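The same chain A turns up in both complexes below, where it pairs with chain B and then with chain C.
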Partner chain A sequence: MQQQPPTSPDVSSAAKSPLFQSSTQYRNWRFSVEQLKATRAALNQASVAAIRNTFESDSPGSSSDVHFLDANEEHLLVKLYIIKISQLCGHFRFPEEVEATGITYLKRFYLKNTVMDWHPKNVMLTALYLATKTTNHPISLESYTANIPRTNASDVLDLEFLVAQSLAFEFAVWHAHRALWGIWLDIQDLPQAPPHEELQRIHDTAMQHIRTSRLTDVELIYPPSQIALACLSLAHPEIAAFWARSKNADTALEAIESIKRTITRDGDTPSVDVVREIDRHLKICKNPEKVVGSKAYLAKRAREEKEAELKRKKKAENVRKATEQGNPFGEVLVGQANLDDDD
Partner chain B sequence: MSTNRTNAASWLRGTTIRKGTTTPATRSHTPQTQTSSSIVFSGGVKDGSGRTSEYFSMDDQCPVCKSDRYLNPKLRLLVSSCYHKMCESCIDRLYTLGPAPCPVCGKTLKKMTFIPQTFEDLVVEKEVAIRRKLAKEFNKRREDFPDLRSYDDYLQEVEDITFNLINEIDIPETQARIAAYRKENAAFIELNQQREEAYVQALKEQEEAERRERQLRAEEIRRAEEEERDAREGERRALIDNLENSDADAARLVAQARAEALKRAAARTAAAHQAVFAQQQETMRLRAAQSAVVVPDQPHVPLLDGYYAYEDLCGLRSSYFDPASDAVRRDKEGIMRAGGYRVEEAWERALRYAVAGLDITPPLGEVSMPLPITSRVDADVAMASV
Partner chain C sequence: MDAVEKANAERQRRWVKDQKVGEGTYAVVYRGRELATGRKIAIKKIKVGQFKDGLDMSAVREVKYLRELQHPNIIELLDVFSSKTNLNLVLEFLDTDLEMIIKDRSLVFLPADIKSWMAMTFRGLEFCHRNFILHRDLKPNNLLIASDGQLKIADFGLARDAADPGYKMTCQVITRWYRPPELLFGCRYYSTAVDIWSVGCIFAELMLRIPYLPGESDMDQLKTIFRALGTPTDEEWPGHTKLPDYVSVGQFPRTPLRDLFTAASGDTLNLLSKCIIFEPRKRISARDALYHPYFFALPYPTHPSKLPKTAAQTAAASRPPDEVDGNVDPGGGAPAGVGKAAPPKKLKRKLSGHDLSRNIARKLDFTAS
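For the complex of A and B:
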């Protein structure tokens, strides 16, 4: 441990690791545009191959006329359900934190899973419910499901572990809206700070841009402070530039240009007709192993059951062997007799 | 039934029945007092002050005669030496004429061996009794052994014996072991008992000394108060005498006397305070001397970690224009915030977020693929194998 006094950060900051760079968000959930594209494409290919395989093993030749979704179509569907999360949060009057966290969970989940396995309409509910818990705004499952039509508790809970596992149990998210709040507070320290009414207007506009940015991939590419600065820049470019220069953040000023471009390009709502068409395709091409009661589902269950049985047998065999050899807890540790001299 | 026979029977039972009249001399005329016993049952497990708190429950029922607290509110259950419960009247009935077998297990019991119950669970009762009894003789300490190993062996042996006695395994052999130990270590046992007694005695003496000191102090204070009262009385009288005899201005005299009285009172209080303080110091010193081990006072080192939290980039102002937190800040009673919530901390966190990672350049290209594509190869299979 460093024995330097905490009052001299300038001396020790070089040796210390910055907080954001230590977060799981930076380490595990930060990609380049190309990486995102490649990840989604590879994921889509792998799952299409797997599902095609399942179709074929069920009845050969049945997969030839199925139209599988491509990576873009999957992404579009997820985007629609991001909007659904926002609507749901408006309905429940959840705070900004819950909404943003739920959306982040949904995006991260579909970087490791495909919509053909897990339909976003269910995952969305689970992701949001998980977000209420991880952001300390818990709501009872009854009141949650009672306010959403055609939903029961198992729809939310069945996927909960899967979602948590796909997130690698990394629930902490650094959000852009908090960074925007911080920038906005800090602007009041600048000599060019506008009057209060103007400040309020800037904040509200920038907040709208933050909400739009949640429909895009920017949070998977850029740190939250840069996203917030870009949104502020969309609302009031001069103030954003003043503030960035006061922090000597020229890197950020370069980065926000591409963030602004991405937000204005990808921040639109997908058209309902297109998504409805995708959803119609999805009904046909979804993984039959995940449809409860189907032949493939039963076959998969049987396979899993057999594997589990084998595993149990192996474990029982190990235990029996150990018992036969003598002490089931292993041999007595030698040479430790004088370790407990702590009277 | 003829009166004659009734009288004969009651004569046999050693009681007299007088219809219509009740005198305190008859012992068994009320159904509640079912005992004619003159024995005061004692024993059982005593607590620190030497009292036995008896276990008592509304569901008590005598296992022998099945009478319970509903039928007999004064039911008192006692425990035999074989750890079976019986009510007082059953004990009287069975054991007044001398030793008799236990109705449950058949062990021969005497009336005198019954003890009151302290614990709800009789197994605990038995264990505590056995441990107390053994501790009287197996009273060696760590200092009596050359090394830890032999002390552990000794403890193990005591525990073995205790276990055997509690669970009644190899009783004769265990008794023989105890006897052998007693014979071997007679001198040791005696010595340790003396040591124990000396320790208890020392504790008692210390308490006594403290008590005496407290008394002394109270006496001192009382005397001081008395003196003060006397002094005040004397001053008052002196003032009156002065007023009587002198020709000076009365108001001036009174003022002068008051000032003097005030001065004297102040001096008295200061002296009293000093005395009390000195006494306290003395007590503290004595106590410190008594506790031989001196714990050194380590200076407190706050937790340091290896993270940089952007301290140089974010300066917090004392106040901001912030409509979002207005309601919370205006709330003086703290109804809207949890205990310990400070809006300054929320601001500080936001400011940290504002500057966190400002200088990071976005990753480019497909160089690293941190997400293993295989991770989707059935997350639910992974789930099943967890």
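For the complex of A and C:
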């Protein structure tokens, strides 16, 4: 039996195949519009409550005048930093894959964390640096930070574990721009295909829509193949329809209408004034426990240090007991305990 | 604590680290178990602090691919958590690897056994390639064997996505003896065919019981290959003399595979020869290999559970599961305060993973029962 050899992947069908359906993206990073809203609201509420608590335990009554950010304001701020990632990628001439992945990481990070704990201006740098590695385009940290003003190595590395953890170490991302490429290859073989230059123009326009779509939530809601088709449809509805029909995927054409609406509605750049106002509030409402050197920060560190000390003592005690009980292999146990000591 | 850190700590508490069992190039591997079930697992601990560029590329690759790939012939990544400056990969525990089995002189391989290992290797590899993933370090040592005999492709530290045509990749991959000639000639645009060459070398090694093409240097590797298979002509492999690092290492005549693999069947040699074709585009794909007559001809592949086992595997299997996996004190590597047990039991656990101490531990087990 003759089948498609794995060396010449059919990207467009791959995007809908069971391969995508077994991916971590399909399983763990797709939400309904309502789920997204609820997740962000819950995260925001819990964060505000925790930070308010920290303020109050530091000095009672101090949180009453603070304007904490709401979920919407958080979201707008993150959106601004999505744009900054794109600018940075242009500066570094990073491939599309790196840019798209960095943006996805930033979005996923803020489904688990609040900007009041971790400012996106820092997280953005780490998310993008991690993306260079996970997409196999690594650059040295030195040349990365050398090209970004007022940034040193620890600004990037200190958050790397936190970002990786927030992503649940799920680094692989399926992107709409790859799916578009697959569709585009198909289109060239369609009898209705326009001449090459026009096809190229359509592709470039669709690609612009894909870049715009990165400012929106669509990648958290829809599979990449549908986003790609929606962007193609925004560029040239007839070609998109031809393709869908050639794949017997007419129903896809209805599904993409809401994607098109979302991209058109949410793909705008946030107003600088609005974001500046949010950032002004953030200076006051950010979590003092995360501000290195602050009173709350030091208190938290002291608490953690005490817990760790207790743990170490207990461990040492266990080893001592085992040795005292005349255990002939006490040496082994001691050696073993030392070996694991760095956890 | 933040929700993310809390989730990490919770994940960490599910697993107990017992005994060091191996050391890789960038990681230490421990035997351990799942706290709730006692299920045996391996923890691959990767030190991160030592890299100036943060998370190391091998770790990133391994985590990225194993998170996505779920297949009976690919090692299962059960969990990932971080502890201070370490990244910990929780993997299913595997008793041995194909290299140890090949080297165990007391074992006799039947043709059906080799067919079984090859089928499992191709199945795992076909799944990688279907997902557009190149492994780039296939060798017997990275094909691990589970207690039920299933072969699992492991060590994805060099893996990468199959690149778009025209995208350059590094040719410094794959352990030398298993490295295909196009990489030795410095080819930067390659495909899934590089893994197929490695599998061909492993196939031959299973029959010969020694490495098939053991070159002493990169240059000698080419000579070794051409001595075995003949120097390729431009017809056989068009354009190879134009590759970046092409050198002429001399003219060697082609000798039939039959001369070396005297006992092999025709189907066997046909599949082997298709794995080690010089021209990468003509090399068989993993998918097509699975449909090769070799796998449908008699003898049928041995059932994994009936495959030859090393002494260590047999010992591990014959011990009652309670003694190996039982409810013992987590001790040193575990979070403090997770249960307590009497020292003798603890001793037994600490020793059972050490090859040297295994006999002593077994003796103690007998006196205790």
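Everything below uses one rule, namely that the second predicted complex is superposed on the first by the 297 of 343 C-alpha atoms of A that agree within 3 Å, B and C clash if a C-alpha of one lies under 4 Å from a C-alpha of the other, contacts with A are read in each partner's own complex, and residues count from 1 in each chain.
Definition applied: a contact is a pair of C-beta atoms (placed from the backbone, for glycine too) under 8 Å apart; a residue touches a chain by one contact, two chains touch by 3 or more.
Quantities reported herein were computed from a predicted structural model and do not represent experimental measurements.
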First, second, both or neither for A:Y129, with chain B first and chain C second: second
Residues of chain A touched, compared between chain B and chain C (which is higher): B
Touched partner set for A:P237, first chain B, second chain C, both or neither: neither
Touched partner set for A:L162, first chain B, second chain C, both or neither: both
Chain B versus chain C as contact partner of A:G90, first or second or both or neither: neither
Chain B versus chain C as contact partner of A:S22, first or second or both or neither: both
Partner chain(s) touched by A:A172 [first = chain B, second = chain C, both, neither]: second
Which superposed partner A:K247 touches (first chain B, second chain C, both, neither): first
Contacts of A:N113 with chain B and chain C, given as first, second, both or neither: both
Overlapping contact positions on chain A, where the chain C interface meets the chain B interface: 1, 3, 6, 9, 19, 22, 46, 112-113, 117, 161-162, 165-166, 311, 337, 340, 343
Chain B contact footprint on chain A (complex, rising order): 1-4, 6, 9-10, 12-13, 15-22, 26, 28, 30-32, 34-35, 38-39, 42-43, 46-47, 50, 111-114, 117, 161-162, 165-166, 174-175, 178-183, 185-186, 188-189, 196, 199-200, 221-226, 228-229, 244, 247, 249, 251-252, 255, 258, 304, 307-308, 311, 337, 340-341, 343
In the complex with chain A, residue positions of chain C that touch it: 2-5, 7-8, 17, 19-20, 48, 52-55, 57, 60-61, 63-65, 67-68, 70, 80, 82-87, 126, 129-132, 160-162, 191-193, 285-288, 291, 331-333, 335-337, 343, 346-347, 350-351
Chain A residues within the chain C interface of the complex: 1, 3, 5-7, 9, 14, 19, 22-24, 46, 112-113, 117, 129-130, 133-134, 136, 138, 140-142, 153, 156-157, 160-162, 164-166, 168-172, 310-311, 314-315, 318-319, 322, 325, 327, 329, 332-333, 336-337, 339-340, 342-343
Complex contact set, residues of chain B against chain A: 142, 148-149, 151, 302, 304-315, 317, 320-324, 347, 349-366, 368-371, 373, 375-377, 379-385
